[in-house]
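Just dropping this structure here.
When the chains are written out, they are named A, B, C and D in that same order, and each has its own residue count from 1.
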Amino acid sequence: MARAGSAGKAGESMADEPSTNGEKKGLAALVEEAREDAKVLKEKAKEEVETLKQPQKTQLYKSIFRVKHDDSERSRALGVLSNVFFHLHPAKINRDAVRYAYTWGMGGITFYLFLVLTLTGVLLMFYYHPTKGQAYRDIIYLMNDVPFGRLLRNMHRWAAHLMVIAVWLHMFRVFLTGSYKKPREFNWCVGVVLLVLTLLLSFTGYLLPDDQLGFWAVTVGTNMANATPILGAGGPFGMQLGLTNYNDVRFALLGGSIVDANALLRAYIWHCLAIPIIASVLMGLHFWRVRKDGGISGPAPVMLESEIKPERKI
Amino acid sequence: MNKRHLLALAFVVSLALFLIACSKKEETTEQPAETTTAVQPTPIDQSTVGEVTGKVSFDGTKPKPHQIMMDQDPACVKAHGGKPVYAEDDEVNGNGTLPNVFVYVKSGAENYTFAAPSDPVVLDQKGCMYDPHVLGVMVDQTLKVVSSDPTTHNIHPMPKDNREWNMSQPPGAAPIEQKFARPEIMIPVKCNQHPWMRAYVGVVKNPFFSVTGSDGTFSIKGLPPGTYTVEAWTAVGGTPQTQDQTVTIGPKESKTVDFSFKAAS
Amino acid sequence: MDWHQLWEIVSAPDNVPIVALLFFVPFYAWYGFRQARENDRLIGQLEADPQLAKTHHRKIFPWKPGWTKEVHTWPYLMRIEFLAAIIVTVLLIVWSLTLNAPLEELANPNLTMNPAKAPWYFLGLQEMLVYFDPWIAGVVMPSLIIVGLMVIPYIDVNPLGAGYYTWKQRKFSIATFAFGFIVLWLVMVVIGTFIRGPGWMWFWPGQTWDPSKVVFEPNRDLPDIFHITSMLGKGIFGAVAMGIYTMAAWYGIHKLITATPFNRKIYARMSFIQYITMQTFLVLMLLLPIKILIRHLFRIKYIWITPWFNV
Amino acid sequence: MPENPEKDPVIGQSLALYLLVAVLVLVFCLGWALWEEFFGLRPWKTYQRAFVARYEAYLKKQVPVQAAKEKAIEASGDYQSLQQQLAAMKNSTAPQAKELDDQTARVDARTTAVLNVLTTARAYVGSRVYEIEHTSSQSGKASIQKDLDRYKAGPFVLDLPPAEAGGKSERISVNFDQLQDEFNILQQEKGKLLLQKAALLRPVSELQAKVDSYVKDHIDGLTVESLRGIRKKYEDYDVKIQQVNNPDAGIVDRCESCHVGIREPVELTRKNMGKDAMAGAFTSHPDMELLHIHDPEKFGCTPCHNGNGMDIARVEKAHGHDEHWLWPLFPKENVEAGCQQCHARDMMVDHAPVLSQGKDLFMWRGCMGCHQYKGYNAEPEELVSTERSIEQLEKDRATDQLDVQKSIQAGDQAPDNETAQKLYLKANELQVTISKISLQIDELDRRTKYLMMDAKKVGPDLKEVAVKIHSDWIPVWLDNPHAWRPTTRMPRFRFDEDELQAVSAFIWQDAIKAALPQQPPGDPVKGRQSFETRGCMGCHSVGEGANRVGGWFAANLTRVGEKDNYDYLVRWIHNPRERTEPYCPYEKRDLTADDYKKHGLPFVFDHEHSKCPNDGHELQVEQMTVMPNLRLSIQEARDIASYLETLKEKDPSSYPAVPYLNDPKLKEKGELIVRSYGCAGCHEIAGLESEKGIGTELTVEGSKPLEQMDFALFVREAEEEGWYNHKGFFEHKLAQPEIFDKGMVKAEGEELKMPDFFEPIDAKEVKAIPELSAQSHEQIEALTTFLMGSVTSQYPERYFYEPSGQGKDIQEGWWIVKKYNCEGCHQFTLGQSSVLMTLPQYQTPDGKGQLPPRLLTEGARVNPEWLARFLANPSLSDSDTDRDGVRNYLKVRMPTFYLSPIEVRKLVRFFQALSQQPIPYIPRKLEPLTAQETDMARALFTSQAAPCLKCHAIGLPAHDQYASAPNFLLAAQRLKPDWVRHWILDPALIDPGTAMPSGLFKQAEGHSVFAGPTPPIFKGYNGDQAELLVRYLFELTPQEQQRLIQMSGKNLMPASAKPATSELRRHSPHRAERALVGMLTPAH
């Protein structure tokens, strides 16, 4: 308040000035003064327009892009290193590592599909309520009313399928090239967990439209959980341990003994929240390990049988 | 923004304006109203018209005349002075011909339109009987029902295709005037108070009809040249029956068509 | 032949990925093995000529002196990544525009779908339900698969073949993996999708999926053939049978991993734990095809019957 | 670094081209996605554009057509005179109106002048008042008040324009209050002026409105103005989704996005909307009236039509023809199925003849015998629940009685009086409760009796087979009923020879053995007369094939003589409800004379003697047939039976003998078969009375999942041929139920049980759908429609048609009307025709006079209490029953249906509701006649000109032989005075085609006056003459009627009347008809 008051006073006194000194200077002087100011401003503007011709030199540009983007070695390296999205990559890689024949590109495609799924998934969440009855209606609504809704849902569905395929092929390639061998053993394990998570992601999404297809697929799936030894009511030793359909592992998964409203909600939470978070963390780990384990495994120079070194004992 | 961008923008804007200008609704004009005039009769060249005449004969044993018992209404008995009255449908003329046969052009005249005559056809109730027993009217021609009896009648035509009506007519009341809008062969007319009373009205679209009289002959005049189906209708013996014949008439020609009915079994 | 039905199954939107898989997997298998063959040829050359082995750059990809050994990620890798991303996007959009994601009737617990199928990637497991009890097919087996996959790096002591395609140097491990992945997983998925019809019955491609089909499925267990009727007898017999199988399989696998001098060399590098682990997983894995064969050829349901579980 | 001899393939190779191509393809894909979004998935845009274009073109064509019509109307005399009237009125009021307008303008000008000053002043005063209100100190208030008062004192100067025409402007100065007054006065003045003007112009504007709407009211179609209005609307048409959204019922229907013209006020036909397939989508709804009943804004489209109202991306999808959509559009021929889900309670659904037929057929064909369906055949179920309630109440009563004892005992021994009183009170309360329960049980007992009266079976009682049927005929019939009697509703069970013998033997041996009284033969010629005129043919027919004449509801009687005993036939015609032995549901057996003898009772059982002598339970004392008792004399029954016997084609003895009928072994086997085929669903069979229907319940069969329908081996075929749907299943099942056994290997007795209701035209040729007659197809279509509509609704129940009050009465009434085939003789609505109306003997003028009364306004016509009496006993007499209580002059006779009071009540309410008459009926009080008025009425009645007594019966046989209308003596009890008044004024308005003539009265000076010459006594009478007659009729006594007859004397009945001749005339009203009646039945 005080500030505003003083500012107001200052304003008043400024406003008062011309009325007191005005007589002396006269109108002509005032006009002259204003013209001078305008000239300065014009100069400045001109200057700045000139600099706009080289946008990469502006403060704005520099604040975002820290390095030059030219063909120099340094720029190319920095371009990767200084970019949070690209710095997963090393600045330089083995010349043959770019070869598609070796990598099949499946790891990258899987990651890309994950991004696509995240994007489309988030958009789908805007229109979806994980409640019985409403869920199905939402899908109908999505298919018929939401702009690009049909495309969105289709893309989400097919990207998920494609991701499963890509993951499998990725694993196939990694095995064929023996890339899980020392020092990449642990990263292979992370990969296996990611594979399982991918399948679970897809599976939990299956139920969400709440249609016959998803309902029965999930029923079949969770009935297996019911048969878990020791944990499921229908599995070996389940009965002996006093398990029923209301306290076994399937009940925990579904929040009930059948696939119903609770199951829908649980599937939704798993699908949209829990698994994506876990998968993201593990993905980060996976990529980080790739870097730390010396980049991608090859193509490495072939080794000969004669070159096998004797094993180092612990 | 450089010059090229400006140009492009200008182009797009002008294109849009042009399109808007073009899409303005075309002027919607309505044709002037066609005047639909009342139905005009088809002109017929009176110099070429022909004629169909004929005789309707009766074959076989004459039906036994049935006496009508009017004792239900003394006024009716009185009107006949105690003389016995017989049903008209049993009548056969002395010369073996049939009266009360309705002969009309059933088809062949569809291409002509005719205006209904302005004079009404009269149906009288005399001595609790309809006079005439069989009559023809044109579509939209007035049927005028009068009563010469001192008792109340009601006139109740029972058509299939036209609208049914049933009007009471006390003695001395004004004539009832009605029209029939659709052709129909034949409309029976009855009086609910005197169940024996029966008349038949033939409603046709053309003026080519005739009812045989006590000589059993008929004649249909004024027919333009052409081929026609002529039908005869009779209720002789109590059961309605019809017969068809085709006849071709040249200009100014006169043809004879004879019918022969038996009593219905 | 019921072509109409075959077409309906193949063209069902949700089955499209499997059809794609039928093309992808052979293609990439061929793609990988072609490089493996080249590598093997190179290895042969180098083994024959130690001199060359010292100078050669040891890759099948061409290399000339003077070429840089490393390239910048930007743009040489990234451009490929972008290209791949664009192609995948195009593929997805086209796919999404032409095929609608399936949406069936509202879920109705009173109306059982016939067949009620799990998502296609789990159909291999569902197929296992035919041969094993749910707890094995649905719980034990997936766990074993996951654990089995994870132990691979730790039991594969062969130091060769890291970072390049080769067949010659890793015959056993590649054969085993290919068997597990292609035969035991993908083929089962394909069977589950295309062959299993209503009532989870076997229909050859082109056979009409008739829900009312009736097949002869004798409920016969291995002990029954030997006329063992008592529960205890069945239990003991089953344990003995399993024991015999384990011994035989163990012995067979052992023979296999010590078949060649090279194999013996690798075997010598293995620790005891590694050996036991490997044997365990391989014996269990082998149980699968054997059980399938027994089921299909001899129509035997269980081998080992106990009051608590059946195998 | 050495020179690079070769280009490095990794670095050197450019991917630019690939990237470019990929990006281009991507851009193309994005474009494709956009196109798909805006056009590909929006085909309705094309539809709407096409519609707008075509509709505009059509309207453009319509304008001149309608303009011509308008011109014709404008040219009419009525319109011209209206116009002239209007012009004249306008001219006459114009100067006054102008004067008023001028005055108003002057007042306005003065108001403006005042307001100029007043606005500022008011604003100032307002602000000062606010300050006063919000100033806290009294002194402050006072000072502002002072300031304000000074301001108010003014002066304010006003420059006012002249107040009068030609007056002068004035300048006045006023204070604030005066200023305000000035303003208020001016306002009032203006209000007055406006009122004056309105009063002046009201007649003008009323006439103007009449003129304006004249063309609209008289034109056929729309006026040019409204056509232009529509065109204007469509000129700026915005292409967008047109949808009905009713969140309450979950309806989102966008059907109108393509079917744009469905609700347009202009009737659009396929023809005038173009030639391509699209034109079909643009037509108007074919039944606009339906849309008025079911507002589309509330109901949308899919609740009636099915389809997928939300998905309009493809035509097939919108119509719900894609897989996995549970509610595909109903096909055109079954479109009425959509009515059923909300109209399940209606037996008769207006606007839905096919569905109504299907509902009726479900009952008539006996489907309900095997298949449960909610609402059908409710009596047996209700009977069971009533009996259960009685049992429960009896138990309660017993407990209460014990409690009474206990309470009294406890009271007797109570320590103090207070406690004792409490306990005694409790005992008393319980005793009252017991009485109430006892009364309730009595009521329920009576209900049991009524329900047993109303419970009917579709087929005849098989217990009577032994006394009724020639035994040799039984297997002939069972083998193929259609072959023996093509029109029968008894279906063909596919029995093989063994089963046939077993079933025949069981039925024969299971039946009651008794002797019937021998009947002497009657006169077949008279019998034929009776059969053709008494009304038998409202339900029954005679003659086969093309010669068949008569109703469809009951059996064709041509060959009845080949199977039935003459004695039984006579008993049946005399009283079809007569039973040989009563059935006791409690003991589950038929009682014999011995049971009665044991208790010293005569073997008499009827509705008055309906309790079991053994246990007091209600008995089934009558045949469970809907056939009524015509109350014929035993002689007439013999005549009819004799006549029917003459129609047979061959003698019963010509059937092959069946010696096995008495084989007891076959009986056992037969019983199993009869049980498994559910024969007892339609027939009464000894020992199987309480069998349940063997079929599936069909109440919601239409929404049963297809997978659960037993297509057997036909799934593939059905899919390929396009009938793998509910419609296909129902049609095939109905046409040939055994089709789904085809190819199946089944053990004996496992085959499908449903019999063949429809016989193929050519039985030898085996086809998926056999060739059936057109009539069979029609019935199958109707039943299919009914079943397709029988669904679990997805809409809230409050959307169902479940009316209360009169709507409910009508709903319930139709079930009874259909159950007893009332429509065989009567007409309830104008569109519907009774069976009798279509028969040849009723086509002639005199024949029409012999038809049973039409019941178009029955509820408004008759007193409901009288109607209840009449329905219970149409003879209206306990002793003389061989007559009709109202219309004894007709040969056709209203029979006795032995309706229970439940059904009588429902029917009475039904008729009252059909005519929107309130229940209970409180008669209008009629003014008693003065002596003068009585004399006048008498004079009118007996005058020559008044024909009333000519047709109306008066109770004298010599006169009544000519009568063709009911006796006036009935009027007071039977009729409602208002109806009578309307009736005598113009009967044709109430019952078009009636024998009673119109024009008996004319209107004069606001009264109705007799049209003929009135007797002199009427001179100077000012009252309403029709009302006078009504009052007279309702006061009419037998004595008064005698007096009338005496007064009429000769006019009514001439001395010459000879009963002999008149008798002859009475029976042959006109010879033409007599001849026709003879032609009816084929020569034999």
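By our rule, contacts are C-beta pairs under 8 Å (C-beta built on N, C-alpha and C of every residue); 3 or more make two chains touch, one makes a residue touch a chain.
Owing to the predicted nature of the structure, the values given are computational and were not obtained by experimental measurement.
> Write down the pair of chains with the top C-beta contact pair count.
Looking at every pair of chains, the most contacts join A-C.
> If you average the CA coordinates per chain, which chain's centre is most distant from that of chain A?
Centroid comparison gives B as the farthest chain from chain A.
> Using Cα averages as centroids, what's the distance between chain B and chain D in whole Å?
About 38 Å, centre to centre.
> Take the average of all CA coordinates in chain C, do the same for chain D, and state the distance between these two points in whole angstrom.
Inter-chain centre distance comes to 68 Å.
> So how far apart, in whole Å, are chain A and chain D when each is placed at the average of its C-alpha atoms?
About 65 Å, centre to centre.
> Using mean CA coordinates as chain centres, what's the chain B-chain C distance in Å?
Centres of chain B and chain C (C-alpha means) sit 93 Å apart.
> Note the residues in chain D that touch 2 or more other chains, in rising order.
Chain D, residues with two or more chain partners: 8, 10-11, 33, 36, 324.
> Residues of chain A that touch two or more other chains: which are they?
95-96, 98-99, 140, 143, 150-151, 211-212
> Please output the residue numbers of chain B that touch at least 2 other chains, ranges allowed.
none
> Which part of chain D faces chain C closely enough to touch in the complex?
Checking each residue of chain D against chain C gives 1-6, 8-11, 15, 18-19, 22-23, 25-26, 29-30, 32-33, 36, 324-326, 705, 707-708, 712-713, 715-716, 720.
> So in the complex, which bits of chain B are touching chain D?
Touch residues, chain B against chain D: 25, 28, 30-36, 66, 69, 71-75, 77, 87, 89, 150-152, 154-156, 158, 164-173, 176, 188, 190, 192-193, 195-196, 198, 235, 237-240, 264.
> Touching chain B in the complex: which residues of chain D?
56, 60, 63-65, 67-69, 71-72, 231, 235, 844-846, 848-849, 944-947, 950-951, 962, 964, 987-988, 992-1000, 1011-1013, 1050-1051, 1054, 1056-1058, 1061-1062, 1065, 1069-1072, 1074-1076
> Going by the contact rule set out above, which residues of chain A touch chain D in the complex?
For chain A paired with chain D, touching residues are 95-96, 98-99, 137, 140-141, 143-145, 147-148, 150-151, 211-212.
> Residue numbers of chain C touching chain A in their complex, please.
14, 16-17, 20-21, 24-25, 28-29, 31-32, 35-36, 39, 42-43, 46-47, 53, 57-61, 63, 67-78, 80-81, 84-85, 88-89, 91-93, 95-97, 99-109, 111-113, 116-122, 125-126, 129, 133-135, 137-140, 146, 149-150, 152-154, 156-166, 169-170, 173-174, 177, 181, 262, 265, 269, 308-309
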